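In what follows, structures are represented as structure tokens.
Both of the next two complexes hold subunit A, though its partner changes from subunit B to subunit C.
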Partner chain A sequence: MKEDLLWVEKYRPKRIADVVGNDEAKTAFVNWFNNANRTKKAVLLYGPPGVGKTTLVNAATHEFGFRVIEMNASDTRNEKAITRVAGPATAFAALDTFSTESKGNVLFMDEVDGIAGNEDRGGVSAILRIIEDSRIPVVMAANDPDIEKLRPLKKVSTLIRFYQVRIPMIISLLQKICQKERIKTEFEAIERIAENSRGDVRSAINDLQSIAETTKMLTLQDTEGLSARNKDISMDETLRQFFSSKSLLDASMLLSYSSVDYDELLMSIADNLPLRYKDPDELAAAYNFVSRADMFRGRIGVDNWHLLRYFFNSLAEAGAVSPKSYEPFTFISPPIRVITLFWTKGKRTMLDGVCTKIGQRCHVSRATAKNDFIPFLKVLLAKNKANNVVTWLELLPEEVEFISKMSRF
Partner chain B sequence: MVVLNKKAFKLPFMEREKFLLLVRLGLSYDRTTGTFRVANYNNLAKLSGTLAEILGADEITFTQTCCMCGKDYSCNECKYLELCDTKNLPFQCICGQCLREGKTFKDTS
Partner chain C sequence: MAAEEEAVMWVEKYRPKKLDEVVDLKDIVESLKAFMRNPKTMPHLLLAGIPGTGKTTVALCIARELFGQSWRTFTLELNASDERGIDTVRDRVKDFSRYSRAAFGNVPFALIILDESDQMTGPAQTALRRIMETSSRTSRFILICNQSGKIIEPIQSRCAIFRFSKLDKKAMIEQLCRIAGKEHVKLSPEAAERIVDYAEGDLRHAINALQTASAYKDGVVDEKTVTNVIGEASPAQVQLMIRKALNGEFIEARKQMYDLIGSFGFSGNEIVRQMQRELFKMSGLTPEQKADLADIVGEYDYRLTQGANSDIQLSALLAQFAKIGRPKGEAT
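Then we have the complex of A and B:
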């Protein structure tokens, strides 16, 4: 079972000293954590992804004997959810401190900059209240602390910045992992993986695992695939490789390499799932993951790209529900919704044109024209009583014919 | 680019306001040796800018400490300098010699 672990998890540091890089940040966090008279009850760790923010929190709480109550980006973090989970945890001392070695709880909110949209409404103000009333340390982590909605949180928190981990540090860490996995390496191969990671330790370890897991000798040639990270892989190729992935890691890596449009990818995968999974339970499980991926896609919006890995992971899980049952099939591409939009483009343009004319004449929006006026016009046309209206609206004969034949609005 | 030893470096004589500004930005001054050292990292970007102005340099960087051998060294020696986005902080890295020797992190757990 241990062998199946992602190396990122297998080699995740258990102690603060094992967290690579960012020594100033580590010292600052430990000082804050151990200071019983801390001026600010919350700390905000911020910096690029994969530099050790979450790892440091887990290592420190483990080392100092605290229990972590975690709310991460996959949880809905609106006012109600935060108050329900974090409220009791922060308001009372943990009961098990009297009976076990636990020294208490720490509330950890990862990816707080991902709190957005309607699902997380009231989240930031709920966190502020929690911090104000809290009797336990509140730790938050974010990639981008400069976004407007985090400003109130920054005011009440101690800020600790994390920097990208430098290439020599990543090289040394990868060499250590290779030693433990008994993999012989060419230095240049490790160097290329480290350079390609751009300071992201997590992606460096994932890259190393994807290349070196099945080999005992890692060469520079093996790392040539890494340059494919920015290469264009077509939708067809992406789907073909995705549905024939042999493991979760394969699927996840493929998605991160591919540069197809994420919305199209999501829809294409959703459309093809019934062809891929014949078993209803497997299909349901796969759709569950797609639904989660869709949720993350919504949260990513235009500026929360650090959540992309959750999107990829959820999609990858949808493709790897049952790798053993895979049989080649003819998949649908592009997604059905795109095909439908293509087929109906002419009709939609015609309807838009009519609605615009009605809107201009009657001073209403196109939506109102479509919902309130077109059905009425259709009835008039059916009863041959629309001549005056048609002339007044300056509708063309083909537009009149289109509305007469419209089956639904 | 001027490289300064973050633990002890000397500066030319300067007016009182400049000295106070440097102290406010995070330098501390040792009267016995007449040297400055970086005591606070929170305003390092501003501090580097002020020092560059005083020294008439285009860029100031501080020495790094190798987390393997403990030696202080300059980033100028690093072959990954152009790929590095973090010129000053954090102050720990691995020197070229330790990297060539293949020294790896030790487990503490």
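Then we have the complex of A and C:
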């Protein structure tokens, strides 16, 4: 059973001393924790991912005999949820002290910077209230403390900063793990993994496990694939693999690995469909899926990211309409942006301005002006730029120029 | 306000100033003239009908007949599709009714013309209804819309409704000839016919086409000129795009679509609406085929409202056309 564990869990330190790196932060946190007269009830640990914030909190509470009540980003943290979970825990802390061996409770809110705007409405203010009313210590962790909405939390908390863990410390940690797992290693390979992690201990351990767990061997060569995987797959590479996918599964795996921008990817895939699918039926089917993916993209907007998987599903289907008919072709990339290409903001404003003038003169809306008047005006002006319509509509010279040139780009 | 200078665009220059000059709307005009004789009896009005049939013209005529030269002072013209929201409408109506409180002669109210009012959402219309109530002592509304069905019941019940039907072809030709005569333009009967066919009961469209054509070849408008102008200024390009897609030339059709966006600045929605309109005018398609294609257009019109990128939706729409249009029996 134990062998199935993720190594990051298996080797997660139980004691403060075993937490790697960030000595200053560790001392600051222990001091805060053990100081009964602390001026601020809450502490905010912040720093890049995988450097030991959560680990330190768990180790410290374990060592000092406290119980952790945890909420993290996967829970919805709107006002109600926070008050429901955290409220009673913080209010009745004292009772627990007598009834169990525990010295008390600690409320730990991980990833507070993940409190989303809409879904977790009132989340920050609810946390503030909890901190104010709480009789127990409140610990928070965040990657990016500069988020505007966290500002109120920073005011009421002691701030402790975590840095990336230094590479030599990660190397020695990885070596220890390899020893325990009885893995034969080349030092350069360990070094490579550590460097590649950029100070993120968690990812270093994960990489080590993924490469060496089954073979019990770790050579520099094994780490070659590592850098490739961690590096961003370029748009061209993504397109190449996407269109040559042998199955729906291949296509969706690829999409979840690739780190290219979703919108760029969607547009690039759409642009290349006619080159990929020569058969009209296949093309129509593929476009149908891309169109559906675009609808999901529209519904995602800026905050419904849980819909992303449907977006990827539809997109993957577009790549797997007919694996058999695949033949290599040259991609169109970067994507064609038709509307932005021709219609910059300046041009739009210009057109809108002309439409407004027409609207005022001819008692029509801007939309009607654009649809019913502009096409005729364009022909009129192309014929004669000094047409007296110009003075009547009070068009500026640049507007005349713009309208008469509208057909050429 | 400047004195009324002579308009240069013919749609304005020849827009009737008096109800009596309005063509082809005898019944409506008669009823409205009764209100003009005793303005106190005038209710709110709802003018409904397809574009270019004279709704705005009639509303402006009413303003002129009520207030004469000073009609602009006592009339607020709003266009629902231009205003950002009901709040703007409310503010402007409020401001307006405050400043124009003084009654004019025997007219005890000011006039608010709200064009394209069917563009307003349900909630906005509910708010509008409230505005109509609160300002009813000082203002009368003339609401103009394409489809009266899109106006909520409570508003409809507060208005006298007038329906404007498609203008009569003969009346439109007469009007074009009258304008051509005054502008010293030689308009051939075939050309007039061609313009009217093209305009489909939309007089504004017809007059714009006439003016553009007359600038084309100094003062002579024949059928060929009209065809040219219509070709350059109109959705002939949309038809071309549809044809290419239906011939299975997807890439060509998409190029045509890029052209439309690039040269006319059409949005995705506008192109889809034009496709819908042009589809039914196209020859060489059976009614069943047209219905099938229209169904697809409808689907993608909806998807456009859901989607993020209109290029993608339009391309996908053309791809569906290319699939359907491919002649049966051709090898896959």
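Definition applied: the second predicted complex is superposed on the first by the 226 of 409 C-alpha atoms of A that agree within 3 Å, B and C clash if a C-alpha of one lies under 4 Å from a C-alpha of the other, contacts with A are read in each partner's own complex, and residues count from 1 in each chain.
Methods note: a residue touches a chain if its C-beta (ideal position, glycine included) is under 8 Å from a C-beta of that chain, and two chains touch if they have at least 3 such contacts.
If you're wondering where the values come from, they're calculated on a predicted model, not measured in any experiment.
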- Query: Is A:R192 in contact with subunit B, with subunit C, with both, or with neither (first, second, both, neither)?
  - Reply: neither
- If you stack the two complexes on chain A, which partner ends up touching A:A17: first (subunit B), second (subunit C), both, or neither? first
- subunit B versus subunit C as contact partner of A:R276, first or second or both or neither: neither
- Which holds for A:R299: it touches subunit B only (first), subunit C only (second), both, or neither? second
- Query: Is A:M169 in contact with subunit B, with subunit C, with both, or with neither (first, second, both, neither)?
  - Reply: first
- Between subunit B and subunit C, the one with more contact residues on subunit A is chain C
- subunit B versus subunit C as contact partner of A:K41, first or second or both or neither: neither
- For A:R366, is the partner it touches subunit B (first), subunit C (second), both, or none of the two (neither)? second
- In the overlay, answer first, second, both or neither for which of subunit B and subunit C A:Q179 touches. first
- Item | subunit A residues contacted in one complex by subunit B, in the other by subunit C | none
- subunit A - residues contacting subunit C, complex: 263, 266-267, 270, 273-274, 279-281, 283-284, 286-288, 290-292, 294-295, 297-299, 336-339, 341-343, 347-348, 351, 356, 359, 361-368, 370-376, 378-380, 383-384, 387-389, 391-393, 406-409
- Message: For the complex, give me every residue of subunit A touching subunit B.
- Response: 13-15, 17-18, 20-25, 161, 163-164, 166-169, 171-173, 175-176, 179, 187, 195, 199
- Okay, in this complex, where on subunit C does subunit A touch? 7-9, 11-12, 51, 56, 60, 77, 79-82, 115-116, 204-205, 208-209, 211-212, 215-216, 229, 232-234, 248, 250-251, 254, 258, 261-265, 270, 300, 303, 306-313, 315-316, 319-320, 322-323, 326, 332
- Could you please specify the touching residues of subunit B with respect to subunit A in the complex? 41, 67-68, 78, 80, 83-86, 89-95, 99, 102-105, 107-109
